[in-house]
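Below are two complexes that have chain A in common, paired first with chain B and then with chain C.
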Partner chain A sequence: MAGLLAVTAPDRAPAQAKKIVYWTHWEQNPEFNKWYETKGKEFAKKSGYEVEVVTIPYQGYEAKYLAALVGKSGAPDFFNGIVHQWCGQYDFCDKMPADLEKTWSENLPKYMLPVGQFKGATYGIPIEHGNFQQMYIDVELFKKAGLNPDKPPKTLDEWLAAMKKLSVYDAKGEPTQVGFALRHKGHPVGITDKFLPFAHAFGARMLSPGLDRATGFANGPEMVAALHFYGDLVTKDKVASLAFGNPEETFGQKRAGVIFRESWYFGWLKKNAPDVAFKVYALPCAKACPGAGNLFPWSNLVYKNSPHKQVVWDFLRFISNAKDDLEQHQLQGILPVWTVNLETPYVKGRPDYASTREMLAQPVPPNYYHPKSNELATAFGEAVVGVLYGKGQPKPSLDEAAARMDRILKD
Partner chain B sequence: MDRQRRAGFLFVLPAVAYFACVYFIPLVESLIGSFYRTLPGGASRFMGFGLYERVFTDPVFWNSVKTTIKLLALSVPSTVVLALAVALGLDRLTLRWRSLWAAMYFVPFAVSLVAAALIWQWLYEPVYGVLNHALALVGLPPQKWLQSLNQVLPSLAAVNVWVRLGFDTMIFLAALQAIPGEYYEAAAMDGASARQQLWHVTLPLLNPQVVMVCILELIFNFKIFDQVYATTQGGPAGASQTIIPLLYDTAFKYFRLGEASVMAVFVFGVLLVVTLLQWRIFRRPVDY
Partner chain C sequence: MADLPQAGGLLRGAGARSVPLARWLTAALVAAGALTVIFPFVWIALTSLKTPPEIQRVPLQLAPDHWGNLENYREVFRRAPFSRFLLNSALLATVSAMSSLVVSALAGYGFAKFRFPGHSVFFFAIIGILMVPFQSVVVPLYLWVSRLGLLDTYLGILAPDLVSVFGVFLMRQAIEAVPDDYIAAARIDGCGEWGIFWRVILPAVTPALATLAIIKFMWTWNEFFWPLVVVNSPSMKTVTMGLIGFTNMYFIEYNLVTAAAVLSVLPILLIFVILQKWVVQAAVMTGLKG
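Our next item is the complex of A and B:
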């Protein structure tokens, strides 16, 4: 029997690969996420560790992250998150080793450096370049409206005039097609994020430069003017509608001529609305240009209590090169992160190549990388959405929001 | 302790252990947590009643309580009355038809709340939704449903009724079938009309079930979360921000576990008081 077993058994059973676990909530980017598993197999050949990717649904991901990271058991070894929240408000992150920090600081566009940092310490590897909004226009709808898709509006006044031409109304005066696909649903944090480019174009900022005060900024005269303009898009100008669903889908369904979105939207459109002919331009300017800013930037973060954190850093070191950066982002249609990749044929061939360069050439707008950014953006977003729905006027709504934000900041 | 008592304890032990782990310990933890502010890194600072003061002076919190009560007022009476009506109708059917219809009413209860919410989100969709399509067929203008400040709560209440109707109907139906037929025969012989039989025989005998269903519906609606979070996330403009989604955001979006614990204690306290009051006021002993 022993002899028979010896003959039939394989020479040597393959060793069970060990795993490091990665959590991501980017459910809209499956190819991007899957890539870590592919590279993990390659990494396993030298380290013995593969990568397991767990996609957590975006809605409510914070609760799952928090429960796991507080509880330690079942926590990921590394995860996609926001530095100022997970490393700032909570102390869940391992600091980046010096050699890796050097690699990344030398290869990231300068405006992206704060994305991975909190109070001067570097924790995260930014994973999304072009995470600022740009203007996507529907070429067909532009032509139908008598607009030239090769000459996009450069100022907010020109933009508003174009939005009016793009809007189509029914007999009762309700829009059946709108100029602008405006975000009005969902969590107020998202509402804030989509409104900020308008605020920045008006020269407003949500918080003081030290991020310690809202009054005088969130309710300053520039912000009030910006919110007037934004609210009027729905209530007075009727170039945006609350009766439409998600703005991404509205644009994908050719029911809106323009949307402001990040670089990933290029990949999303190619996949979900391939018959939409679109072009991408820099956002229109008013007093200022909105520039390359964002409210919630994403990074890869290493869990400081992970028993495998050194392996994870090794893995991140393993993929920290221009080739992998390009490969991973190209798979999903996202702009790569490394500066050197921004001049590759892939990026040059993208419809947002020129606009990205133009946006990056503008001054970097204010960032709000505060540990309580979600709560602050909620208070602010409630004022914005309240105005859109006619619940309040810009000035008193913003006064109320600013007072709440100051209370949050003092807490 | 005699053998019989020991056996009794052993039988209740699993349920007590489950209750302790799943309800009692978290409740005590919430109560303790409501006095502490959790600091970065997991450290905590004792706040006394400071967090209670913060929550109870926050207009956003009271708005969410008001919205919860509004939704509750729309959902609970409709569900109970409709369930009673459906149960009375089903009770008159033959066994075969009764089973078929009862199963149909019960199916929504078996659907996950998030799935139910997402289904209704599509039905309510202002442009492509079936409901507006149906309105158009009869010449009525489209409605904004979940995207309207005024219609969002009734729209969510309709989802609640759809989800809960089957469960309540089953309870009423079981209770109706347990009422001895002799009571109706006696009432009929005394000349009681159908309406009088319903009012003087059926409803008093259903009182325990009505009280129980009212309490369950109240608890269900007060704790409403999935439907709101999956469909409106409290919107539009905060018009459907009920208390549990606010609690969830406070805990997991803003990482204010202490304040969220205060809200949890508030919900527990309110439900306890209301349930006890409801039980005391509405529960009347019925003698056969």
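Our next item is the complex of A and C:
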């Protein structure tokens, strides 16, 4: 047994190799992650430190991060995480040096400025652009429904009319093809995330601007109207169906004419549903435009108890430039972060170029970067699910959710 | 009276017909149950032979377009050192099962056949550990393993799995059923305590040992959370970590996850086929269900 244990011992790096360790749960982006190691070799020539990337499965990554960061042992020197969670709810992050903060604040699109910040202090370097929903349409289904795929609906009223034309029903009146692939299953946080563009289009917001109150916002008249509209898509207008599975697959199976999803989705479509001809547009507006916003602001954070934190900041400084930003994101086929890179040939050649531009030009929607954002979005999402499944009416469901959210904020 | 034999004949006839009918019904129910259990495995195996667009196709179809399409299996091994994951899991599950057998058999023997001060208290304290959710002890356990320098090592992964509380309970129940007269007879014949344990007790509880071996092997094989917490190196990952690697924050790669699932189920199936005779015996003997 000892022999077997010895034979199967893990591959260890030579003892003399100095490394800074990076943890990430972005398994979907292996080339993006590997780039840190490649760049680390270049960095090692002047610092003596290479970069080791540890990719952690998304399912359960929080538990692993927490155990290591609390234990201060076997922990990463820097990691991919959400600022308000790891720096706000927990106090694990080192503040960004002023020069680096200046570099990033001057080079990010405006909606991304708060991504690396918590309570006015800057901790994280945003790494994901395009993490906001856009409208994907199925060109063939649009044409079949007598709609022009080059003239997408611009307002929610136009959009609803288009969804009705795209929906096809059987003899019993149940949809066999829907206008909109709606997310109705899974974690309530995901449900909230998918509903928020509608809420923001109605001029609603989930929390007060100071992020200290839900009542009056999560259950405000705009939010109630938005949830009425959203629930009606399933129950009254029947342009979305609970009988269909997850929305990505429904759209990929040509059973829905429209889906709202982030920029990663067209890569999935090309691989899983190559015969779907699609176009990407900005989300429709109502009282307001949904704009570029997200619930999951991923950024690179430096562990404050790392013995190598200065080396890590040096490394991050080393890669904080437009050229590296473009190179790293292009390798993986995702949108770069720096504003200047949004007009490069690579980005201009992407199917989401025009829609990204349009959405970035819209006013920045509210953000909910609160340490308890997961709990808050869970409470809110449960109300949305209840309405979609006909278990409650929008107003009382949102009243209950707002009260719960206030208790969470108070605790 | 003349009708009686006819009536009896009718009854007998009905009985004669009802017996095969009952058998057919039972067989049909068992077959339906078996199909229900087997179908997901068949579906997984067939899906592992499909391309992503085939999987997404509507209406869903059971059979793959090309039965010989093993590209997903190749991709699983290309994407990650999956054979290494299988080896790691096999090693960890084997050591964990063996260690649990030794400790559980000894402890079970002690609790079943010896009376000592605090006997019941100790036993229920051990059983009480079953009630503690593992998640609640992860951080202290992590700190302990980390301070011993066992992070990212086989011993670190094995630490919570070397002893099985369930095993202690199972073996105590099994050994209690061994008649005390056998032990007394062995003692009279001059057998020492080790001799009794080795020559009398263990042979009498072979089915329970086999059951524990397969259950513990399966539990360790399927374990995900603890290895996730203590493992960093790709070469130390287990099968479950490899499997979950095909599910990311945005989507599931069904073609790859099913291929990996087929690979990960095969060793468990093999172990079960080898030990199934004893497992059934033990299930009957100990009243285990499910």
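Quick notes on this one:
We take it that the second predicted complex is superposed on the first by the 389 of 411 C-alpha atoms of A that agree within 3 Å, B and C clash if a C-alpha of one lies under 4 Å from a C-alpha of the other, contacts with A are read in each partner's own complex, and residues count from 1 in each chain.
To be clear about the criterion, a residue touches a chain if its C-beta (ideal position, glycine included) is under 8 Å from a C-beta of that chain, and two chains touch if they have at least 3 such contacts.
Since this is a predicted model, take the numbers as computed values, not measurements.
By the touch criterion defined above, A:V70 lies against chain B and chain C together after alignment on the C-alpha atoms of chain A. Touch criterion met: A:Q59 reaches chain B and chain C at once. In the superposition on chain A, contact of A:K309 is made with neither chain B nor chain C. Of the two partner chains placed by superposition, A:K395 touches none, neither chain B nor chain C. In the superposed model, A:E249 makes contact with chain C only, not with chain B.
When the two complexes are overlaid on their common chain A, residue A:W26 makes contact with chain C while staying clear of chain B. When both complexes are aligned on chain A by C-alpha atoms, chain A residues 59-60, 63, 66, 70, 255 touch chain B in the first and chain C in the second. Against chain C, the residues of chain A that register as touching in their complex are 1, 4-5, 8-11, 25-28, 54, 56-60, 63-64, 66-68, 70-71, 73-74, 248-249, 252-255, 264, 268, 271-275. Residues 59-60, 62-63, 66, 70, 85, 88-91, 172, 184-189, 242-245, 255, 371-372, 374-375, 378, 382, 385-386, 388-389, 391, 404, 411 of chain A touch chain B in their complex. Those residues of chain B that touch chain A in the shared complex are 40-42, 54, 60, 125-127, 141-142, 144, 147, 149, 229-230, 232-239, 248-249, 251-256. Against chain A, the residues of chain C that register as touching in their complex are 52-53, 55-58, 87-88, 91, 95, 135, 138-139, 142-143, 146-147, 151-154, 224-225, 228-230, 232-233, 235-236, 241, 244-245, 247-251.
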